[in-house]
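Letters are used for the chains, namely A, B, C, D and E, taken in the order the chains are written, and counting of residues starts over at 1 for each.
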Amino acid sequence: MREVMVISMMKKCAKSNLTALLHALSVYAPLYLPVNGNGKDTRAKYTRYEDGMVYSTDLNTVRSAKDFFFPQTENLVNFKVEGKNIEIIDPRTEEEDFILFGVRACDFKSFDVLDRVFLSEPVDSYYASRRAHGIIFTMACTRPAETCFCTTFGINPAEPAGDVSCYMTEADLYLDAKTERGEAILAKLEDLLTDTDSTDIKTVEDQKTCIASRMEKLPLAALSTEKFGGDKLDTLFDDPRWESLSEACLACGTCTYVCPTCQCYDIKDFNTGHGVCRFRYWDSCMYSEFTKMSAGQPRLTQMQRFRQRFMHKLVYYPANNDGLFSCVGCGRCLASCPISMNIVKVMKTFSEEVSDNGSK
Amino acid sequence: MQRIGVFVCWCGSNIAATVDVHAVAEAARHEPGVVFSTDYQYMCSQAGQNMIIEAVKEHHLTGLVICSCSPRMHEATFRKTAANAGINPYMVEIANIREQCSWVHKDMAAGTEKAIILAKAAIAKVHLNTALTPGESKVTKRALVIGGGIAGIQTALDIAEAGFPVDIVEKEPTIGGKMAQLDKTFPTLDCAACILTPKMVDAAQNENIRIISYAQVEEVGGFVGNFHVKIRKKARFVNEDVCTGCGLCTEKCPQKKVPNAFNLNMDNHRAIYIPFAQAVPKVAVIDPNYCTMLKTGKCGVCAKVCTAGAIDYKQQDQIIEEEYGAIVAATGYNPISVEKFDEFAYSQSKDVITSLEFERLTNAAGPTAGKLLRPSDGEHPHTIVFVQCVGSRCAANAAKGKEYCSKICCMYTAKHAMLVRDKYPDTDVYVFYIDVRTPGKNFDEFYRRAVEEYGVHYIKGMVGKITPENGKLKVQGSDLIADKQLHIDADLVVLAAAIEPDKSARPLATMLTASMDTNDFFTEAHPKLRPVESPTAGIFLSGTCQGPKDIPETVSQASAAAAKVIGLLSKNTLKGNPCVAQSDEWMCNGCSSCANVCPYGAITYENKEFRMPDRSTKVRRIAKVNPAVCQGCGACTVACPSGAMDLNGFKNNQIMAEVDAICK
Amino acid sequence: MQVNENNEFRPKIVAFCCNWCSYAGADLAGNNRLAYPADIKIIRVPCSCRVNPMFILRAFQRGADGVILCGCHPGDCHYTSGNYYTRRRMAMLFSMLNYLGIEKERTRVEWVSAAEGAKFAATMQDFAEKVKALGPNKRLEDLRCKQ
Amino acid sequence: MQTITRDILLEKAASLLASGTVNRVLGWKKGEFIYDVTPAVFTNAEDMYRHFTFDCFCGANFSKYLIKETQKEGKVLVFLKPCDSYSFNQLLTEHRFDREKVYAVGIPCDGMMDASTVKALAPEGLTGAERNGDALILHTLYDGDVTVSYADHLPDRCKHCKSKKVVAYDEMLGENGEVTDAGRFDEVAALEAMTEDERFAFWQNELSRCIRCNACRDVCPACTCEKCVFDNPGSGVENKAISDRFEEKLFHVIRAFHVAGRCTDCGECSRVCPQNIPLHLLNRKFIYDIDRNYGDYMAGAEEGSRAPLVNYQIADPEAGEVVSGAGGDKV
Amino acid sequence: MEQNKMASLNTQILRMSGVNPRKCMRCGKCSGTCPAYDEMEYHPHQFVHMVETGDIASLLQSESIYKCLSCFACVERCPRGVEPAKLIEAIRSLKTRPVGQNHITPDEIPALLDEDLPQQAIVSALRKYMK
């Protein structure tokens, strides 16, 4: 996007002051950050900050950060019907700045993937407006999980970018402004921040080194994109292995809904009794109703729908976006698929040597 | 898009006094799809109806909403009006703004507001109405009566009298049923055989009646007016058409030790037998379980003595297939088994008998030729104890016994007691009772005679224990009036066993898709208003298969069932109600939930081949509703989780449109 | 939410009535001029067993504050057994709604025969009062349907 | 009791394949990690030796797959755990597949771990796990080995197991268990004891997380409609997304209602929910209500049994008597 | 006051016994079957009736409650499943439960035994007196 990269001094905040820092941020603009749940599910989810909330250091939220720019449902337009008259109403109100705190490198990269869809012509004004008002504080991943494979897609979890990149150590939180907007907001927090010295810089650099070495040891570190890309349509499309890979797929939409880069949606009218809400909502290529038209569905079997999802991420999207894959290796689908089928298994399967009964 | 006309009726001042009818018509006019709206003094009058017909023609209306009195009053009227105007009668919806609005709301503003909402709901519904046409099916003019007891015989005779052919299927070798086993009948004390056997002969001689004895219904298909039935006629090893019923074989057969079921196994007959003297058909039958010839291939005495040459050891079961327009169940009853009641010592002593056994013991054609003798030693009993309510009126969850009152026991026990005292005045007769129930013409008088004229000792109380001891039966019971425990040394104890439906009724009900209650009595279509019909169209109920009854009641019900059958058979075709359930075969998954709740058995399943959207073919089990049988209750629509089942005239989307309009 | 001129809450109530008993009972209430609140709006169904739980939830979604279902007395169903199924289904549904925290007074099943005009009116009066006392339905509302 | 191991199942499958009794096997395929086992169809023993796995993470209920599998040629071998066998029977009751096309091998079960439970124990860097009796040893990247009690960390459905008895099989491996009652209604009863307000708050908190991914429905062996009402634009309730909080309740109440009396309480809905919503508490509420009001009924315990909501008794309690309010215990 | 106490005693008896006396249809089979009938002042069917009408005081004072052998014949044979013996047992328990109210102590039992006493009766006796 339009951020201007800046080079300024990294700041730090004692962890004992974290609560005060979050409070100050929430005063500046509505603040959303990962907080552990209090019901049956205690995992972290992005929550609007209120005093008393505790920032969760969980590696990743259950749902991705894309919700903030591309929510699951949103009203596009309302029609008010009275008798035989119809009035058209734009439901949007003026968008305000908001802060997203604790975004991981993978999720941050996903915004790039979404931008290429929603911000290219014709620009999606609903998305663009929210994107322009979101201030993002990213967080380096000190304890990557076994399901992480962001490095496969060239993402560095030690350099998470954003308006401000953050590093959490035992004692401190380091904040490194990456954009002017980031700088401006850090400037407003100066009471709570101190400057960093060479020891601090070394501490952060050590953390980055540590992250890098940890990434190398992860079980999925060797996963390769070699067999995939915009030019692999012919080799992959008719491969018989799609059948067995998709065999157990339940056709639920879990993978697409937890995915930070899935961006398919559908638009529908809801009759309220007084008129119509025209809203858009996430759709899933896993559903039999996906892109159904009057003539029927273009993809008739679950295998075809399953193939669509992975071909899109690994072939079609890169073909249209300078080779950029639309997967960021966050690992959410690995953890949540009811039958544990996922992009890693797909990639590994196609990376195996093909026996002679394999693809042509 | 429909072109809807709205007609608001004033009903004189009935509606107009509390509902602003002009405002209702005006509000309706602004609803989408409404192209015409008006109000008038009496919509149901000829002038009002003409107004509707004119409006339909002038504005090319496709749907009508009449805001008027209850649809229960004039829905039929306005449907006819629609038909006269040239649109489908089911394109009419009524908004009830009289009974459910103007008459119950005194406030004009509130009444008008509600009337407008009701009108809008009707408009919303009519938008989704579709033209419906009732289906037609032909009627096969032949009836089947299952069971040849007094109920079945009476029903068959009445139907035959009206000129329709009727078949009686009887599982025993002869018709006659339980009544043939009885001695005398209450409250007149005339002999059962004297009044029953002429009817049996009538049935045999009526050219419209075919008696298929020693046979059972095996399969029932089809629906009202068009039943297809398979009947298995068991091999009797005697050619029915040839046998003259002379009975010589039954005297010469060397196998003499076959328990005589007609006499409740109290004596024996031969392996070839005629159940009783007046059996119809009077044809011998061989019991294959005892016949030496059939078991070992050696004997053949009966064939040798039969001058008519009727014996046929090679005879096979025969399957008869027939079409019927109506079926009558007349499967009757049996006394329950009293062996479970240890305290009454039925299994321990031969001198504890059931009332039906008592009937045979006093019957001139019975095992003792009508002399009342103790089964154990053939002595004349001097003290007889009758115990009422054995197995009747038990708790619902009781392990033994029935919850209901068997209805006939009070009267036959009084009869038995009276007969004993009449024939053997030296006998002491005690009747233990809980209540004496005698609602019936001349019933209580009869019971009082037993007490007052014949000196039967009625004891309010119950027998707790019977112990056989030294050839006597020690009866211990309570006398609640005297507040003491009685100990009677009896010679004979007669148990008034509860009655239960015949065991063949349950599988038959399944075949007929007729419902049953928890006691296996057939359920009637309506307990008060349709007592002789089963909820399944075309299935009728006669006699005790529907509930305990005495003979006069059974005969009344039998004739009533016949009248219903005649009514049905006199029609050439049946016109259905078009508001029936319909299954979307693409959505149905054949789970059977709908068939489980259907009270009419209107739903069947078939395997059908489909070409699937992914171009494969697939055989799927799907539900089919028979519109001739469906009555349109809608139970299936809710039982169906996938929403494949919907109800014409009350479709899901129609009801939801009404909900939406009301809640707006 | 509907209010009258006194700014008093007026509940919206949907009453599903079976054609053979309860709808006729409602007609009888009319014949006898037995008043009950105009907040009650009746939908005619052939049998109470035609009422799908979806209709009830739909009513709440669309703004109803209470839903009452009336059918023939057990044993008197025109279709012999429909209301027995209704009884189980609605017992289950209402129990579930209450389990989710929906006020149990908002839902009711009542058996009203064709002869019970007075019972119909009294039942509706009572139900309307109970629902009114609860106030507007918040727990099963759909904000999009609010005006 | 004989412990059922991967080798025993492999041997059984191989011999059934070799004898031609079956031509394929529905089994568990090992994944990248310890917990991500995938259901798969194996057509030869060689593939099975390479990829088949069986351990304490094989919780997936295979019965629903039989609808699809039995459409194919030949017989399929399926391993049925007690839970799966109830679903198996229920599907047969509803005529959902041809019994003749299946060779069912019953296997005992003492509770299956699921991915989200172990992930909760070691959220980051879980590289492996082993089970040794009641000890579950988790190997982690950052915290070394973590040992926990297996029984204590079983998911709800197994902690409150309904039955250890395989109710349908052609052949049983190991010893069949008994129907148990591990207090499976305790949680429902606790919710019933709350006030309406508390219950509303509880469910609002839980259901508000729903993302309508439909995993609960799609995995559910009772949800086998050709087309779900929520996918059918003609049904009037179709929706793909939660656009209003009402729709959370609509979806889950209607879904629970549609499976009421047919749900075998296998707990798959809660297992697969990516948002960890305790969906089984909805189904168990219905089961609990049914048991208390209409007599004990376990869907799938007997093939061909009639589900309580398509059945009735004249003496059933009235609707108003069944609703259990705040603290409400029904007498 | 006294009335209230009796009413609560009545509730307690019903709860302890689990018996619903309203199920009784007054057939008298319990009394017809009772082997101890002649020993009793109140007979089984009267027990049921008295509990139903709330006449507990007379029952508590009556020796009849100790005459019941707990043979359970009435329970077995009652067509309505009323279970009179359970009711009697409950009334007896109400009387004997308070400390020191035992009608007879276990020590006294051996002296009362005789040769002809069936095993069942001894067991019944223990059931009766060892609450």
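Following the convention adopted for this analysis, a residue touches a chain if its C-beta (ideal position, glycine included) is under 8 Å from a C-beta of that chain, and two chains touch if they have at least 3 such contacts.
All of these numbers come straight from a predicted model, not from anything done at the bench.
**Q** Hey, what chains does subunit D share as contacts with subunit E?
**A** B
**Q** Farthest chain from subunit D, going by mean C-alpha coordinates, please.
**A** E
**Q** What chain sits nearest the middle when you go by CA atom centres?
**A** That would be chain D.
**Q** Distance-wise, how many Å sit between the C-alpha centres of subunit A and subunit E, to the nearest whole number?
**A** The mean C-alpha positions of subunit A and subunit E differ by 76 Å.
**Q** Using CA atom averages as chain centres, what separation in Å is found between subunit A and subunit C?
**A** About 47 Å separates the centre of subunit A from that of subunit C.
**Q** Mind checking the centre-to-centre distance between subunit A and subunit B? Centres are C-alpha means, answer in whole Å.
**A** Computed from C-alpha means, the inter-chain centre distance equals 68 Å.
**Q** Mind checking the centre-to-centre distance between subunit B and subunit E? Centres are C-alpha means, answer in whole Å.
**A** Whole-Å distance between the two chain centres: 46.
**Q** Can you tell me which residues of subunit D touch two or more of the remaining chains?
**A** 202, 229, 236, 243, 309-311, 313-314
**Q** For subunit E, give me the residues that contact two or more of the other chains.
**A** None at all.
**Q** Scan subunit B for residues touching two or more other chains and write them down.
**A** Residues 597, 639, 652, 656, 660, 663-664 of subunit B each touch two or more of the other chains.
**Q** Could you please write down every pair of chains that are in touch?
**A** Every pair of chains meeting the touch criterion: A-B, A-C, A-D, B-C, B-D, B-E, C-D.
**Q** Can you list the residues on subunit B that touch subunit A in the complex?
**A** Per the touch definition, subunit B meets subunit A at residues 30-32, 613-615, 660-661, 663-664.
**Q** Which residues of subunit B touch subunit D in the complex?
**A** Interface residues on subunit B, with respect to subunit D: 396, 517-518, 586-593, 596-597, 605, 618, 620-621, 639, 641-644, 652-653, 656.
**Q** Residue numbers of subunit A touching subunit D in their complex, please.
**A** Subunit A residues touching subunit D: 37-43, 45, 58-59, 62-63, 72-73, 143-147, 214, 217-220, 244, 247-248, 250-254, 256-258, 266, 268, 270, 277, 279, 281-284, 287-289, 334-342, 344-345, 348.
**Q** Enumerate the contact residues on subunit B facing subunit E in the complex.
**A** Contact set of subunit B toward subunit E: 343, 389, 393-395, 397-398, 401, 432, 434, 460-465, 476-480, 483, 485-486.
**Q** List the residues on subunit D that touch subunit C in their complex, please.
**A** 188, 191-192, 196-204, 229, 236-237, 243-247, 249-250, 253-254, 256-257, 260, 282, 285-286, 289-290, 293-294, 308-314, 316-325
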